[in-house]
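Listed next: structures, encoded as structure tokens.
You will see subunit A twice below: alongside subunit B first, and alongside subunit C after that.
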Partner chain A sequence: VPVLAKDIAEPFPTVTLDTNAYEAAKLLAGRRLPGLIVIDAEQHPVAILPGSQVLNFAIPRYVQDDPRLAQVYDERAADELCAKLETRTVREVLPAKELRELEVVDGRATVMEVAAVMARQHSPVIAVIEKERVIGAITVSHLLNHILPQR
Partner chain B sequence: VPVLAKDIAEPFPTVTLDTNAYEAAKLLAGRRLPGLIVIDAEQHPVAILPGSQVLNFAIPRYVQDDPRLAQVYDERAADELCAKLETRTVREVLPAKELRELEVVDGRATVMEVAAVMARQHSPVIAVIEKERVIGAITVSHLLNHILPQR
Partner chain C sequence: MTAALAVVVFITAYLLIATERVHRVTAALGGAAIVAAFGVVGAHEAFFSPDTGIDWNVIFLLFGTMVMVGVIKQTGLFEYLAILAAKQARARPYRIMLLLCILTAGASTVLPNVTIVLLVAPVTLLVCDRIGVAPVPFLIAEALAANIGGTATLIGDPPNLIIGSRGDLSFTDFLFNLAPLVAVLTIAFLVMCRWIFRADLVYDPSRVDAVMALEEREAIRDAALLVRCLVLLALVTLGFVFSKPLGTEPSIVALVGAWLMVLASGLQPKDFLDEVEWETLVFFMGLFVIVGALVESGVIDRLSETVIDAIDGRYFLAASGLLWGSALLSAVVDNIPYVATMAPLVANLAHAAPDPQTGNALWWSLALGADLGGNATAIGAGANIVVIGIAARNGYRIGFWQFTRYGVVVAFVTVAISWPYIWLRYFALA
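For the complex of A and B:
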């Protein structure tokens, strides 16, 4: 019997498009995750929100272009960053591009199917769905854990 | 006193360009990491090896293009994947593009500088160097953990 995606999917925190961006950032920080799964009002997955995107949104372009500028206003920068996130939702932080690119696998997909999707998408995490709802996620390291020992 | 990169850098497993690709994959699987830092013979960081790249290298293109093909040869596929990795080095698995794109920060960079670099690079992890050698790494969630509670 082949191992299926639903067998190895792990609980993964989700946020909605209307979740406050600061709350999303705290979830990323607290759970030590590289990203969050974003779902819509019907619990359908619509995107992955990478932690780096939260920073990309919150940090002014001119500081990104010359990170040394961040040195001179360190504490104020952190305050401004948080303030900017607190007034925004996940929807506003996500680039439109991300909303179209989410790849999901069905719970009945085999681990090798999951590996193929992950490889093609260069994605460190894939959402697993059953009946259009997110039941968990599979990270690349978790997947490798299941593929490699078979040898 | 501002918090510096060296203060929050965490130990992070490294591999060299000559590390066996199968050993690198096992390290990714065992440590539950999204990627590894690749160093050269002088311990200079040269790239991040994402776990998805290991899959991208090992899984044939025609399976990536139609993941349903993976269903029909599940166990053989896992064996072939491991066999392919065992005969290769990290150098062979890394695309040339990745070798040029590694961003590092100096241990004396402030956390806001690290955030700015991470934001620009859309990277979930940044290597921290002192005297050109890797002393650890900072993940995006670890960084958010240090920025957010300041408010």
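For the complex of A and C:
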């Protein structure tokens, strides 16, 4: 009997596009999640917010491009950079492309189908849906547990 | 027939470059391929002739300086200097703008100005964030300063490379003839900054601590590499200055300098070759072949005869026309293809001049017009385009007119100051 996406999907916290970005980041940090599923008012998944995107938003592009600039900041300045999340929503943190191109998997998808979608999306987590509702999510680590050969 | 084809290809390539219908490299390469394929220029004329072919001195001078910048970039020198400047200015916006512009203009005399703005712009964004002001005026000011500073030397601004090579003008010739004027222009520009950017330079005393907390020394990871690079840069600059007495070309100095810096840094080929702007080099090559076709087919000679007849010995008029005309044209088209086209024409005019001093005055007028005119609009010079790109990448949009309303003032004032300089130095007091 093939293992299906719905069999390995786990309950996963969701946020909306209007959730405060700082709250979303706290949720990621507090529960050590690789990303969050973003849903709209009808509970439909609209995007994945990976932890790396939160960092990408908080850390200025010029610092990402020139790592030497990261070294000149003191701790307080680093705190100030992250503090700008407090005045932003998840919608503002997500690039427009993320909102256009979300791929989800159906509960009946096999683990290989799930793996293929995650590999294509470079996403650390993927939403599993049934009847257009999110029934859970699969993380990369959880998926690898199922597809790695047991030795 | 060949002349007509050369003109058609030239005009088409220019239109495509100016309108950005196709990438400028594709346009230049396409034009070169067509004139070569139809026999307007042969392999010898395109690749080996000093008059009609690719100017390898320019290509290797650019290549060498790009590699050197790639190595110097690893040292964190510009990050260090820019943050030090912000701390010295104690977060006062105008003082910071002043120091960053002096840094940019000064560095643009010993390394290509386009690469200097690439190094200074990111740290400018950081400093502006710390002092709580919009970075756009600072970035625009740096592009303008880079174009003014780059005017002073053979290697500062890409058009000067072409002028130096085609006009047989050395690094020292540029230094003696243009550097004194550029010093005056820089001072005038810094005074202008206070006026044109006055609305944006608001001092917030509460931000002083945020600037003073920056650790500029942390930007320098390898102090020994920095010292080696600075010593080599000083030697390379001396090499440029003495290249003529030593009987060598600046391109050879740049090549040796690049090799020594690579040795000193221990960087792998991939690392330093990544810093080379291959697009710019290929663009230059394509342009040289397109313009070479105009020379080879006799178009430039016929045009020169017409212009020489029209000048009728009035060389100050010719210099004035070159200065103001170049400024105007460089404002609307990239000054690199403009100078590549004008160089053979000016070479003929200079050759027909009554004495070398008068002939050289035409070259300096072309350099000043093209370099300073490049400041007028957002697309006039490479440094402007680079700064606008960095700003956009960081979420700050600099519109064409936003740049132009500052640039046109600076270009006009600096060209207006240059005009009496040309008259006094090369005609009235000659």
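The rule is short, and it goes like this: the second predicted complex is superposed on the first by the 139 of 151 C-alpha atoms of A that agree within 3 Å, B and C clash if a C-alpha of one lies under 4 Å from a C-alpha of the other, contacts with A are read in each partner's own complex, and residues count from 1 in each chain.
Everything below uses one rule, namely that a contact is a pair of C-beta atoms (placed from the backbone, for glycine too) under 8 Å apart; a residue touches a chain by one contact, two chains touch by 3 or more.
Predicted model, so just to flag it, every value in this text is computed and none were measured.
In the superposition on chain A, contact of A:110 is made with subunit B only, not with subunit C. In the superposed model, A:118 lies in contact with subunit B only, and not with subunit C. Residue contacts after overlaying the shared chain place A:36 against neither subunit B nor subunit C.
Of the two partner chains, subunit B and subunit C are each touched by A:77. When the two structures are aligned on the shared chain, A:28 is found in touch with subunit B, with no touch to subunit C. Legend: residue contacts after superposition of the two complexes on their common chain; A:53 is shown touching subunit B, with no touch to subunit C. Once the two complexes are laid over each other on the shared chain, residue contacts for A:148 go to subunit B alone; subunit C is not touched.
Of the two partners, subunit B and subunit C, it is B that touches more residues of subunit A. Touch criterion met: A:63 reaches subunit B and subunit C at once.
The residues of subunit A shared by its contacts with subunit B and with subunit C are 63, 65, 68-69, 71, 73-74, 77. Of all residues in subunit B, only 2, 22, 25-26, 28-35, 50-56, 58-59, 63-65, 67-71, 73-75, 77-79, 81-83, 109-113, 115-124, 139-145, 147-148, 150-151 touch subunit A in the complex they form. Only residues 76, 79, 83, 121-123, 125-126, 129-130, 210, 213-216, 218-219, 221, 390, 393-395 of subunit C touch subunit A when the two sit together in their complex.
Against subunit C, the residues of subunit A that register as touching in their complex are 60-63, 65-66, 68-69, 71-74, 76-77, 80.
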